[in-house]
Amino acid sequence: MRSPMHQNQLTLILGAFQAAFLVIFALYGSYDASALPSKEKNVEEAVRMTNLYPLFQDTHVMIFIGFGFLMTFLKRYGFSAVSINMLLAVFTIQWGIIVRGMASAHNGFKFTISLEQLLTADFAAAVILISMGAMLGKLSPSQYVIMAFFETPVALIVEHICVHNLQINDVGGSIIVHAFGAYFGLACAKAFGKKEQRGHQNEGSTYHTDIFAMIGAIFLWIYWPSFNAAVAATDDARQRAVANTFLSLCACTMTTFLVSQAVDKHKRFDMVHIANSTLAGGVAIGTTANVVLEPYHAMIVGVIAGAVSVIGYKYITPFLSEKLGIHDTCGVNNLHGMPGLIAGFASIAFLFIYDESRYPAQYDKIYPGMARGEDGKRMFDEKTQALNQLMAIGLVFLASTVSGYITGLLLKLKIWDQVQDEEYYADGDYFETPGDYDFTSRIVT
Amino acid sequence: MRSPMHQNQLTLILGAFQAAFLVIFALYGSYDASALPSKEKNVEEAVRMTNLYPLFQDTHVMIFIGFGFLMTFLKRYGFSAVSINMLLAVFTIQWGIIVRGMASAHNGFKFTISLEQLLTADFAAAVILISMGAMLGKLSPSQYVIMAFFETPVALIVEHICVHNLQINDVGGSIIVHAFGAYFGLACAKAFGKKEQRGHQNEGSTYHTDIFAMIGAIFLWIYWPSFNAAVAATDDARQRAVANTFLSLCACTMTTFLVSQAVDKHKRFDMVHIANSTLAGGVAIGTTANVVLEPYHAMIVGVIAGAVSVIGYKYITPFLSEKLGIHDTCGVNNLHGMPGLIAGFASIAFLFIYDESRYPAQYDKIYPGMARGEDGKRMFDEKTQALNQLMAIGLVFLASTVSGYITGLLLKLKIWDQVQDEEYYADGDYFETPGDYDFTSRIVT
Amino acid sequence: MRSPMHQNQLTLILGAFQAAFLVIFALYGSYDASALPSKEKNVEEAVRMTNLYPLFQDTHVMIFIGFGFLMTFLKRYGFSAVSINMLLAVFTIQWGIIVRGMASAHNGFKFTISLEQLLTADFAAAVILISMGAMLGKLSPSQYVIMAFFETPVALIVEHICVHNLQINDVGGSIIVHAFGAYFGLACAKAFGKKEQRGHQNEGSTYHTDIFAMIGAIFLWIYWPSFNAAVAATDDARQRAVANTFLSLCACTMTTFLVSQAVDKHKRFDMVHIANSTLAGGVAIGTTANVVLEPYHAMIVGVIAGAVSVIGYKYITPFLSEKLGIHDTCGVNNLHGMPGLIAGFASIAFLFIYDESRYPAQYDKIYPGMARGEDGKRMFDEKTQALNQLMAIGLVFLASTVSGYITGLLLKLKIWDQVQDEEYYADGDYFETPGDYDFTSRIVT
């Protein structure tokens, strides 16, 4: 039995946070001029809805339908997957707007909100939902929210350092969103792990929950080009980001089927691979979606990502769980972690494969740190940029694992409502369930 | 047994209506110049597809996927929910184009059709689908169509009076769409009610139908900003409408989880709240999505709407059903009715919170009735506008309940095909069902 | 038992093809200038993402969610439906870009890629996925890929002839995409047919798989206007294509419900009709979506398509299966075949109903073959155009049936991995299935 304190914990947490959000927004938040009535708008502002909104909405579908339904594969955890996904997203969106706003504020703590802030808030939500994937089924709603509370500022400050100090290019956020979220989640899972979480009878799918998961998977797959293109600077860069992501995903999907069958002893496909590894190509091309200029380069990235991801699910996830005690429910290491690292290292490779002359009048929009001054000199050169990209990978890996591990330890404290051992990967303690719940989720032929 | 007359009734009704629609479109309908070939287009016409079409398509998803799947939660009524939703939508779209066209016609009965008419036809469909939610599982397909036939003109004439005579602002249609649809449905349910509809063994969900319903809920949630922004006049007003709706929904969703747990004796979440009350913030901000200029105001509206909606589901819906004989299957009072009224009253409050000076060069686009003439004088002032908004709420409430009640009485007539008592909330009499239908929809552990 | 050669066949096939695709893209493929960095862009290029991308994404949803989920209706074949749909799509997208690129190449084999090529690659995928519908449940993954390999170049060469030589208008691809895919599939089914495929115990749906299928059906329904409008030449033509498709679909949906009930002896609706025939209006208006200038003409087309499609499912599909040995799992003849032919013949009718004077300054954008030279003379007249449209229908029918039949014979060869008789319409041999698979997919009350 959960104690009354634990049972009411989430109510208090959500109440306190939402009240705090309201106060902070009231004191410091306001709309950007582009969203306010005025006589004059500059051209770019006047078309923000036309240019950016469709890409924003595609991303929005990825966050709420994509991540939400992808995680419904567990046979007894569908309500939680889709609902807690929604809760963490709206929590992180508000908290992320605040943190990012204050980090960028030039005027005390005041921050402004336009469509771009809503979009980047969705990106922040993605970080947390990826970590949720590693912890899926192991945390109570309170603990998920606490995790999001701690993870969000670390992720956004690291992002701020990567983008503004190291001036890296990571247009689709593969390093600062995907790799961060994955390694935070893995470290958190390590610190939080106990043996009852592994080999649990509730951990598995049913025929229809695997199909529910495909709703999420395919919407992620379809809209991934929008995710990678949304913040690219020019129309051609956006189109290029779309095409690179599209081709990488196609090649990745072919490879996923190929490797999924090849590594199975009965030569059958595994729906976990189909629903997850097919997406690795979107992550792996993310950092350089606006950089790559040759279609086949995008496809090679996709092939590598698909192969690595399936191999990860087949061999690395069990190894991490059994040998290192890192239980990763959704296998985020294979969908977001390793592909995110591939994206990072690809960004270094492509820096040398394509030189400045290939990007007439745009090199500095991709790499602001290499902008030429009026004297034609650059702040820094390709090697420095490469080093910065590398440092960003290192910083993200270090910051995510350290903060994830600490968060995991924190979540073990008995002050938090804890999931009981027999109720891992199950909705029953936290959601009212219909009369068929036990039957439907426990059928074995 | 249904009599042959009743069994063939829908065939005759649909045939008659579709024939009539064809004749009316042939006699009076034509495409707007913006959709016809011509040498010259003005600038606005030339970009209608670019500016409006994405918002239109988002709305379209809400109507057919959103409403359709949200109503699949009933364990034995999934085919009807998603199919009759589709049927009523296409019926109302055609009928709505005709009614609205003729109401606005300046040239005999002739009306024109462009993307905007398709969009507002989707809005008309929303009215009817909300009423369908209150009646869900209690009407035969014929009766649903008859309901839509009577409701559509009343709703659109009331809308016409509100927009053109009272000149109210209701950009997201919370008063004229949501409140109208909800109170028409409740009044209809009252007139049509009998005790066999309450506490029926078919009225309930299964584990997977609750997940199906979340497909609808989340798509409604995602695209609600588009619904509220679609008819706003300028790009900044659209962006503002998006941001206000987005923030209201986020705050509403947090509040929904909080209150859902707080009011439950086992401190569990209820999927009915997660799937419905999380959306109330979209309704409650709808009327003023283009008006609100401070982010935290939108969030406050969302918090209130979420709390009211959950409390509605928990206490008011059972009260209405048991004490007043108003059985509201989907609880549309909590998702559309009360939040629609909140939206209406908020529109009066915000009229005084933000004065004209806050909307440079745009006040008259939001409130055409307060446009200043060349002499700087206004047709009417804030108080008149406020009174008009209030009168619109009153008119909508009155017209919807009276017309809904009369329609409910009419639907009781034995000339209509009636659902048999034991077949309420069940597909079996109207759809061919697969062999597992009875088993799958009647599992109790 | 499948032999090791057959079990590993797909691995080899996918590996060989993906390697070949990579080499060909590396040697001959490059991005279009509009997707590459440059100082100068012309106006149209600069807004491609804004104008075309939302329509592209809608189409993308149709291909992966629409077709994928529509085919999940089979009770034991859901994994295959949604996964193999994805595999064939990514295969055909890459293969289609190559074939179409080389067919249009002016510079050796070199081809360029921009958003338009991604869009038309999605169209190519649609052809193959329609044929997949006819063969659903009867082919092994290897055979599906081989089918796509042979079908794609035939379809695209026929398309090339229709568009560039015959200069037909087929803006929504109803002839060259839908009719081609359907009749290829039927001919393939004929050649591949054996009696064990008919009346199979696995061929049927369950209550929830029919609801899964509606996800696909409704997304197809919603986004069909985008499919028909995407390649139209001007903004007004796109808006017209949207409106015509929208109205045709509405009228078609009404008619589907009407006829579905009318032809059923218990006067019940059939979900197969609701999920499929409601879409026939989108196909039937496809060829002339940019041509039709009167709303009621679009509606008439929709009514005819809906009626023909339901009657097809009720009477023609069983006839083809039982009398002619053409087993069409999804009934693609009723959704794509006959409606595609209706679209073709409608294109001839509308050519005479609307004359050149109705399309000021645009006639030649719709019918390039009737462009007037500087002397005001036309390359050819309405009769020639009509004849060309007719010849295109004939060519498509002939080429699709011949190539489909040959492909069907080829697929019977024992060198290909073949589905065992008892495993038709079942996932078990090709996908790892959860423990409830047999139970869930075999419930009979």
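Think of it as A, B and C in the order they're written, each chain with its own count starting at 1.
In the analysis below, a residue touches a chain if its C-beta (ideal position, glycine included) is under 8 Å from a C-beta of that chain, and two chains touch if they have at least 3 such contacts.
Quantities reported herein were computed from a predicted structural model and do not represent experimental measurements.
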| item | value |
| --- | --- |
| Relative orientation of copies subunit A and subunit B, as a Cα rotation angle in degrees, nearest 5 | 120 |
| Interface residue identity across copies subunit B, subunit C - same or different by half | different |
| Distance between the centres, which are taken as Cα means, of subunit C and subunit B, whole angstrom | 34 |
| Residues of subunit B engaged with two or more neighbouring chains | 47, 50, 54, 208, 215 |
| Residues of subunit A touching subunit B in the complex | 2, 7-8, 10-11, 14-15, 17-18, 21-22, 25-26, 29-31, 34-39, 41, 45-50, 53-54, 57, 60-61, 64-65, 68-69, 72, 78-79, 82-83, 86-87, 90-91, 93-94, 113-115, 118, 141, 208, 212, 215, 429-441 |
| Footprint of subunit B on subunit C - complex, ascending | 47, 50-51, 54-55, 58, 75, 204-211, 214-215, 218-219, 221-223, 226, 229, 234-240, 242-243, 246-247, 249-251, 253-255, 257-258, 261-262, 264, 266-271, 274, 278, 293-296, 299-300, 303, 358-363, 443-445 |
